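Before anything else, here is the set of structures, which you'll find just below.
Two complexes, one shared chain (chain A), two partners (chain B, chain C).
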Partner chain A sequence: MRGWRALGLLGGGAILLLFPLFLEQYKLYLASLTLVYLILAIGLNLTLGYAGQISLAHAGFMSFGSYAVAILGPLGVPFEGGIIVGTAIAFLWGLVLGFPALKVKHHYLAMVTLGFNIIVFLVLRNWESLTGGSFGISGIGRPHWGPLRFLSDRAYYYYILGWATLVVASAYWILHSRWGRAFRAIRENEMRAEVVGVSLRNYKLMAFAIGSAYAGIGGALFAPLLTYIDPGAFTLDRSIQFLMMVVMGGLGRFEGPFIGAVVVTLLPELLRASEGFYLIIFSLAVILMMLFMPKGLVAAWDWMVCRLTRRTVSPAHPPPPPEPAAVLEPE
Partner chain B sequence: MTDVLQLFVAGVSIGAIYAMAAIGFVLLWQTSNTINFAQGEFVVLPAFLMVLFWTVFRLPFAAALLATLVVSTLLLGLLVKAVLVERLLKMGVLPLVIATIGLSMLIRYSLQQFWTPLALPFPALFSRAPIRVGEVIFTREELMNVLFAALVIGALQLAIRRTKLGWAMQAVAQNRNLAAVLGINVSRLVGLTFMLNAALTAVAAILVAPVYLVKYDIGIGIGLKAFYAAIIGGFNQIRGALLGGLLVGLVETYSAAYISNQFRDAFALIMLIGVLLLKPEGLWGIKEEWM
Partner chain C sequence: MALLEVHDIHAGYGKMEILHGVTLKVEPGQIVSIIGPNGAGKSTVFKTIFGLLPVQQGRVLFAGEEVTNRSPEVLLRRGMTFVPQGRNVFPLMTVEENLLLGAYIRKRSPELLAEVERVYETFPILREKRKDRAGDLSGGQQQMLEMGRSLLLQPRLILLDEPTLGLAPLVFKEIFRIIEGLRKRGQTILMVEQNAAKALEISDYAYVLELGKNRYEGSGEAIRNDGRVKRLYLGR
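Right, the complex of A and B next:
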């Protein structure tokens, strides 16, 4: 199995590195956007999928990253400095917002975060001297390291790819450390987790704050992609979009955000002919999916992987049983 | 001082409508652990239905009202319960949350696509001529909104306190499994609560429509405020939702008048966050451990 995984990783990496060479501008933009969404979805999957805490403020956290690079860039701060500042702000606000989450459960947290997103939007729109109000900020610069400039869309794609790799690797590391196990223990049963010695307070707070920090990174990379941002990009609707992304992919599964990010970015493109009906089709798909495939599209992926490996792996090494899928909050 | 009193009447008038949506919301949570993210759209759809029956089909007012009530309890009550809730109830809170988010988008964008993206006018039900009591001026519309809401909520409270069905509902709210063991048909009761909620939101719709105009996306704001109201007042008590609704209406009206109209939505939220930090069970709720 290890060999298979390494092969998949190598193949995937090669595709991600090579295929942008053959893409035209718009498709390149879509590929970059998918990577940005992937980073955001990984963050939310950590918070919601693994630690079981709903966040409807993901677009709000994302805006910290976006506005940090947009505001600091013209002041001469290097791009990575902007990323760090934005991510730190998102992380700190994640701590602040996660704090009431220690006392309360799902529906409250859903509400607090939802409200937070609305407040962030209002502040972005009304604090004109800093954020440019509803006109937003345009002409956001892309990063450069001395003579090496990531100005072209293709170069910037590779820059995002680098960050995405970093995020994926760090998330993998977190989830396979004792942290990941603690997060899962909390999701399965809070009381039991605490009884066996998981410090609820710290882990819940951290799950929330780290998820938010990832949103900050994603946001910082998002702003130069369009070179223009305005508050309309960080509405509650977008937060809900991220939630759908993670749920569609598969909660609490490492593969989930990959599937979710690709589907949610490409689906509108595929359904473009349907114009305004896209949102209707999308919402129907969400409802149908909850009814008939509540574990997300990753269930279909599992099935495919299982069939593929069964055909090629000798009977002496049967494929391992699929990881126990995410239990959606047992009562 | 007269300003303060006048705004009080206006705030209570809009708050009473929020309270109705909030109470339905709390009832759903109590009997079926459904956090209905589509509650706002549950108000918008009946408003559109009323426009359809009243101004398009030109039914008399009473008939249009009845038709709206019947169709919305069937669609938003029975159908939603049978298709979504029946299946998802067993799986915990989150799948139902996601499904209701999907449902809210479905209703919202279907109305936009298949009906109209524009705001439809809705005839005023009551006169807006000013009534003077001393220095204070208010309208019949404001007064009637409060009166109707009080009537509906009072009748509901009475039904829950005094009838067998109401007792069964309380039993299910306290412990669903135990209630089932005691012979209460929980599934039927959940269906009934959904129909009750749809009726409540339909009444709220008809009262709010002349104030807000009828547009496909007004449900976002109304649903949010019902949510705030339920949490501020207390998620496990009808009286809490009532109090919360009135408070949200008042805070919104006063802050828009005295502080900042641009941030009017933020103040109810700040109140919400304050309540969550200091008294997470709500101002008038009952403390629950490990809920």
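Right, the complex of A and C next:
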């Protein structure tokens, strides 16, 4: 199993590094966009998938990152400074929104976060002196480190890839630390999590705030990709798109956002050939997937991995031995 | 000195008061039972002691120290564990992950793994199923997992809420055998059990609650043979 994982990681890394060398501009853009969405989906998977708190405000949190780099860039702040500021704002607002999330759940939390996304949208549209209102901000610069500039689409792709790697690694670390265990514990059984000493309040707040911070990073990388942003890019529609990625990929599974981000970004493009029908076909595909794979596309992935490894690595499980009675021996 | 002292606690959900003054005491090494009809507030007593519900009035002392309204984490650190009623496992995690999370408040260490090993010795079935999802275990096995979890960190007191609820008669006997085994080890237990007759049989002391208040108390033997209790709650 370990060998397979290392092989997959190497292969995936090689593809991500080499493939873009042969892509034309539009496809390169799609590849970059998929990576940005991956970062956002990983954040939402943390909040929703692992800690079980629905958020329809992900696009709102994303906008903090986008506007931070767009506004600070012209003031001479280095690009990474903009990312940090945007991420910090998203983190703090995530913390603020985390408080109502302690009190309300499910549909009600969906309504609360939906409201937040609408408020963010309205503020972005109406605070013209800062955000440029509905005209947005154009000519957003791309990062450069001294003589090293990430101006071309290809160079910027690699810049995004670097951040995506960082985000994936940090998410992996979080989920395999005590925190990750606490997140999973809360999602599976709140009562029991509390009984074993997990502080529900702290972890729920952190899950919301960290998930939102990732949205901030994604947003910051998103703005220079298009070099133009306006409030219309951060509506509820986009929040729902992230929700779709996480749910379709597989909630609470590490592989989920990878699958979700790729499918939701690239499937509509593949269907473009069908002209005006592509949205209909895409929506139909989503409905069918949810009907037949309610655990997400990761279920299909599991099935594949299972077949591959069972054939080549381990033999079928031996039948379990009969149950002995659990009798307590006095010491 | 008593290990646990509960003085006249009032508690409930929001504005609804369920406990109107409950007092009880558990001495080290004892099994103490709380019995009473449905709605007497038995489970509420546990949740209140363990910091899951706020104490509105009254005091809780554990090993002589004030623990009124302290968080579950504090109580765990002081050596109290709680097994809530129902199947309270993490269903998608393995049996072993469930056990390790029982020691969530402590860092993973060789000593901790040794304690997990001890739990496996007590419940061999858990060792066998260590890689299985906890949700796939039978009701009795899930109860054993929860009891095993509560034994980690070598607690001074275990709060056991309805350990045999919804279990088949054979499994029921098994669970009681385990509780008696724990008593032989000197484990202190405060428990609520819907099968009051059986619980009283192995209890050193018992409290009868009614409508959120103390009604009777006495040794397990005395309560079991008390005519009034018999008529009212034991159905004989």
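What we mean here is this: the second predicted complex is superposed on the first by the 299 of 331 C-alpha atoms of A that agree within 3 Å, B and C clash if a C-alpha of one lies under 4 Å from a C-alpha of the other, contacts with A are read in each partner's own complex, and residues count from 1 in each chain.
Here is the rule we go by: contacts are C-beta pairs under 8 Å (C-beta built on N, C-alpha and C of every residue); 3 or more make two chains touch, one makes a residue touch a chain.
In this text, all values refer to a predicted model and were calculated from it rather than measured experimentally.
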Practice problem: Classify the contacts of A:199 with the two partner chains as first (chain B alone), second (chain C alone), both, or neither. | Solution: second
Quiz item: Which partner does A:108 contact after superposing on A: first (chain B), second (chain C), both, neither?
Solution: first
Quiz item: When the two structures are overlaid on chain A, which partner does A:76 contact: first (chain B), second (chain C), both, or neither?
Solution: neither
Quiz item: Does the superposition put A:188 against chain B (first), chain C (second), both, or neither?
Solution: second
Quiz item: Looking at the overlay, what does A:122 touch: chain B (first), chain C (second), both, or neither?
Solution: first
Self-check item: Of chain C and chain B, partner touching more chain A residues
Solution: B
Exercise. Once the two structures are superposed, pull the chain A residues common to the chain B and chain C interfaces.
Key: 191, 328-331
Self-check item: List of chain B residues in touch with chain A within their complex
Solution: 29, 33, 35, 83-84, 87-88, 91-95, 97-99, 101-103, 105-106, 109-110, 112-113, 220, 224, 227-228, 231, 235, 262-263, 265-266, 269, 272-273, 276-277, 280, 290-291
Quiz item: Where on chain A is chain B touching in the complex?
Solution: 54, 100, 103-108, 110-112, 114-115, 118-119, 122, 126, 190-191, 236, 240, 243-244, 247, 251, 276-277, 279-280, 282-284, 286-287, 290-291, 294, 328-331
Quiz prompt | Complex contact set, residues of chain A against chain C | solution = 178, 181-182, 184-185, 188-189, 191-199, 320-321, 323-331
Quiz item: Which positions of chain C touch chain A when the two form their complex?
Solution: 50, 52, 71-73, 76-77, 81-84, 88-93, 97, 101-105, 121-126, 128, 144, 149, 174, 177-178, 180-182, 184-185
